[in-house]
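Here the chain labels run A, B, C, D and E in written order, and each chain numbers its own residues starting at 1.
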């Protein structure tokens, strides 16, 4: 059995080794994230079958939970870790030749830190530890958003920083309240004793936590940082932010609501919130002419859909939500990567300037097309299965309110289809103006895109690859007693 | 296995054609034709078989995707395969001057494969999957030409998405209620469902299938899409793709819901069938009469595609033996003649350099006789002139309407036919008849690869017109499979107990009379052959290029009915889109760009959560 | 006819001879150069319709006399005819076109070109209007000998019967 | 069977004779209304013989075939419409078939005229199309009223139901009036001779016809007159034996002729508006009544 | 009038047909046309002789040249004459087509119509009375009967000369020759 703590240790160690390597060779820095994440991917793939059999609890320092800092590697954790490291790996490969602006080693270090933070968030079993990893994630992303050192990026990073800090402090307040009530920071421990506390206090704590994590999760109305940050960051970072970072926020919200607080009452509200986020995201995206901003708004919409699905709170609903996390991560990462390179080649972010790229950059355009089709939810791509599952889950609960919700969600899909199809047409069927000298991407840029395209199609055609894992993950979220059992049962 | 082979051939063919195209253009063309031909052969081999296979399990949803072939699906499958093959054959020459041909051929095959998948599916999930594949590949093909086509494609795909989500909603709700999506099990399970639920299902499916089928008021994507697509694809689009919607109607209404349940929906005149009928009738009027105002030949045909869709709806919505037979038969007929007509416009475009404006053409009969005959037979089928296929199906539909005591609907259908006559004669006249403009002096007949599909379709129109028993036999098989009393047919028409129609007698009478008159005609003094310039022009020699009456061909009628014939629905949709655009813009203003506001949002959200808890104890 | 208009014309233009032969008629004899300006002057006065342009061949004087007849449609009390005459050289037989003032002058000038051979400079289309043949001397000139012409042209065409 | 075969041959001949007789009669009657002596009643026959002997021109194969198709369509139609209870082919096609067969004749003219490549023809055909769109509205209303009332689409059944003086015109007066109001339009006589208006468009579709083409068109016109009148008699005047049938036709024809002789010509838009106004309202009212009663 | 003679009808139906069904082209060439309306309407009623006006030359077989013929009119006359189906009969009405009449010295009026198209008969007078038309018609009957109204044959046989005469006036004609230009009889 591989020690799951390696998953955190490896990227962390590599991250800090990058400046050291930088002393040896300038060039070597950009390959380090690839190596680190390759290891991570390997570990997580080895872990999957084991974890599905039996979840692992790793105590650090030899103490047993709840008295120590521990890692809880359940199906959900391993699923998210796999996703994070895979997407991270692909983005790292992309970044090898995409990131050209010096100092590149800082970029790679921050990038690895970001991955470390994300991995830590989903693996830790300690709520304060969660906060610490959360801060690692956030701070490295603030820095990365501003990486391009242009006015736009700095401003976005500043906004992101302010809102993120508010969120972090809220999380901290929530944790403090919990600690005050229960005197423990272990999530399973809190969960097992949550019924004994004053519900009002408990709820206030939950409210702070939801708000705090909600900001990272980009739930309406807490998502105002996202369009700016995602659109002005380097595209590889946008891909990571959209593909991974906001999902960790969702993970945080879900973990709080499902596992720790068992707050069933608020779930419908969460679903409603998700729906609102979806609608507003899609509506805002509709009139965008900036391709990255469009993708950013679309991310808001998709996160809304995920939150909506998680708010359904049936096993199928959670399953569908997790599936949507996968399909959105794949598709959106693909879209950002493809769009990033198109922007790089064309030199403009406006959609109109991308006209006619279908002939000049066939593979990239193809990748973009597949990504957007998957996001819209067309078969035979991954997005279809997740969307179908969400609709199925929402109708299956047989509550009238959810019927209304699902109709609204589907209408939002139409809006989404409207703008994505427009972009696809722009790529292929409009005459380009200044695209004569544009050439196709090559090498490290194209590999991750091709892998993403293939995985979107493969998952779309054969979803069974991941359904087992997702079912387990959904089971973990919903079965809080089981979770408590894993962590505390051993003691 | 056979069905899976068909689909595999169809889908793989599309993929391979694209890859081969990167190597050799010629090989790609041949392969595309071969792939579509093999599909035709495979489908025709499946005639009269009953196969049911499950080809792909989806265990996490507890479902498996299944395929089946029964009379209904075979009937549509052969139409899909046939039209697909002919239009690919036609494309060989027609598309020569276009670019991105790999993409084109691959997508043509892909659309075909998608349609085949739709008609061969045995459960709703596979139907939906293939449906969506068909939709987006169609969207890519419509947009293929660029320019105006882009807007058309977008309009199409957005409306199509609306239809899809309606359908998805219905499908999922079926699945949650009954735990299965197979047609056969649903058919029996639904018999106990409440009327309200059935009505909900039907409405959802009608939105879904109706948008594809372009029934009023869901038709507005069609004229743009048909006019802007390349002609061979317009043939597929209008001929069969749109009519997959009819397949859906028939499937849901008769194969799954069934007649018994349909009759229970509604009270008196306000029942489901009757309302559907009127939707069909409105489609007829809107379609055929707006077609009258068109000057673009493909747009004209596109509006007819809407109008003729109304006839099919009229036929199938009654649920009588005659009506369903008429509706389904008309679907087949429509797919043949409209495909032919689109190919004809394609041929004309090909030779005249892409001229679609009816006001600029004329006199091409002398130069393109085969194309002309195709056009003539095509419009005869569209009108329903006796001895062409459209006649028999229209006869069945009218007969149903009158027998079911719906004279007003019958009136609409008949007057729609007159609108059709007017507009298609204009189509034929302005392209082929009258004076040949000087600039088309050197136009030649189209090459054989384009002639052949037209000849085949023309002869099928005549064949089915004279021997309607052949397709009607298959159709009665379909009706038998629905559990409806099957239409009894004879090869030349209808048996006496159904109605008085015997094509062979009509044919014989016309032929004998024609021959007799021809004899008299040739016995009398011979005439002298003159060219088009030797013509009466009130004593002067004719002014060249100005001696043609084609612009605003029916001007007095335009002036009378023109003001009423606006596509109000389309205007409404545009209005809706404009309004929602500005609304979306307003929504976007939430993100003010001011970080203070954002912080306020966060605080308000937190406050909201806490206040609702403490104040009202909501959670 | 209005005396004031007569006065006005005489004071505005040089070399203008205005007479009032009848109640509803005014004859203005003007020199070549002033014709167009008089026309536009009269048009502005309300005589907005050019009824006719005609020509007289004063063969002894070696002059062509162009005659413009104007009337008004817009004002009821001005439904009177103004006859504007001018003489131009017969040899040169050239004049400026009046299309800029009255658009309907076009066919009249074409006709005069065809029948008298007057060249209207600035006219867009001085081609045949009525006649099918080209004539060396335009047929309405007084020196055109019709009998000679008939003999030369029509009588020279043989009867078909003669051609056995 | 044999009798049927004989009728199939004889009936078109009868129709031809009656049609040509009507043509001659109309010229004579109109002459008398104009206080003229008029041509002999057999003048159309003379014209036909002359036309067959003229050396006309042809614009192409379709120019010939269209005319032949047109006349063949009319002749075939005669076999489907009961004439005094005789309808040899009525078993092979009902009223709907008749309605559609009525398209063959105009279609033939339209095709042939189209190849004639003369704008006058095109204008004439365009007018013909528009006029028929005009009169088809009341015509369809009244025909549907009849079919709804008698609950059949078979012409023979409709005629049979009107035996013994229970004529359609008694039970369905409004559709009958409407049909009669558009009769001139169907026959193409004044005030609806817009299609062939000789003074405006040089006799419209037949501008380029001469000789045998014109002869066939004249015969077609004769058949058309016969068909339209026979249809009226069948639908509203109760059929009858061949002789009474002929008399009824004659009466209807003469009534139409009187209108023809004294009226000037409509403009095409006036004609359409006329058709869509009173005849349509009457026929629609008749249809509603028939729908309610039946 | 032998219109009712069955025997003749059987012997020569074509001749009889042409005789008793003279359709005149409705063409106003000159002032003489003013006499035609009374002829075809109630006052004189030409229809009783089978003479009716038709709107297009394609249907007509009788061509009345009613009055002076200017050059422009002559062009139209030739065009119209060539459009008419054989057999066709031309009748010059009034003195102008015969020899120019009062326009004998006009620069733009032709003097002898039969130089340009064949004319089967003339009605002299200025103006001839409407009755003269009937006399002409009955006369034409006789000529048709005796096979003397052969203008259209002459036009075909001597087309070359007619065309030459026409082109002498007009220069090159816009339309191609109706018949081959070779003279059949040499």
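Assume contacts are C-beta pairs under 8 Å (C-beta built on N, C-alpha and C of every residue); 3 or more make two chains touch, one makes a residue touch a chain.
Quick caveat: nothing in here was measured; it's all calculated off a predicted structure.
The chains that touch chain B as well as chain D are E. Counted as hops between touching chains, the shortest connection from chain B to chain C is 2.
Both chain C and chain D are touched by E.
Using mean Cα coordinates as chain centres, the one most removed from chain A is E.
Of all chain pairs in this entry, the one linked by the most C-beta contacts is B-D.
Averaging Cα atoms per chain gives one point for each, and the point farthest from that of chain B is the centre of C. For the pair chain A and chain B, the distance between mean C-alpha positions equals 43 Å.
Here the spacing of chain A and chain C, counted between their Cα centres, is 92 Å. Separating the CA-averaged centres of chain D and chain E is a span of 35 Å. Work out the mean CA point of chain A and of chain E, and you get 97 Å between them. Contact of a single residue of chain E with at least two other chains is seen at positions 56, 58, 75.
Touching pairs of chains, sorted by label, consist of A-B, B-D, B-E, C-E, D-E.
Across the interface of their complex, chain B is touched by residues 158-159, 162-163, 166-167, 170, 200, 203-204, 207-208, 210-211, 214-215, 221-222, 224-225, 227-228, 263, 265-266, 269, 280, 283-284, 286-287, 319, 359, 373, 376, 378-380, 384, 388-389, 391-392, 395-396, 398, 406-407, 410-411, 413-415, 417-418, 421-422, 425, 428-431, 463-464, 467, 471 of chain A.
On chain E, the positions that touch chain B within their shared complex are 27, 56-58, 75-77, 79-80, 83, 174-175. Those residues of chain B that touch chain D in the complex are listed here as 363, 365-366, 376, 380, 383-386, 391, 394-395, 398-399, 402-403, 405, 407-408, 410-411, 414-415, 418-419, 421-422, 425, 428-429, 432-436, 493, 496, 499-502, 505-506, 509-510, 513-514, 517-518, 521, 524-530, 532, 534-538, 547-550, 553-554, 556-557, 559-560. Put simply, chain B touches chain A in their complex at residues 58-61, 100, 128-129, 132-133, 135-136, 139-140, 143-146, 149-150, 153-154, 157-158, 161-162, 165, 168-169, 172-173, 175-176, 581, 583-585, 587-588, 590-591, 593, 595, 597-599, 601-602, 604-606, 609-610, 613-614, 618-619.
Looking at the complex, you find that chain E touches chain D at residues 3, 13-14, 16-18, 20-21, 23, 26, 41-42, 45, 47-50, 54-56, 58-59, 61, 84-87.
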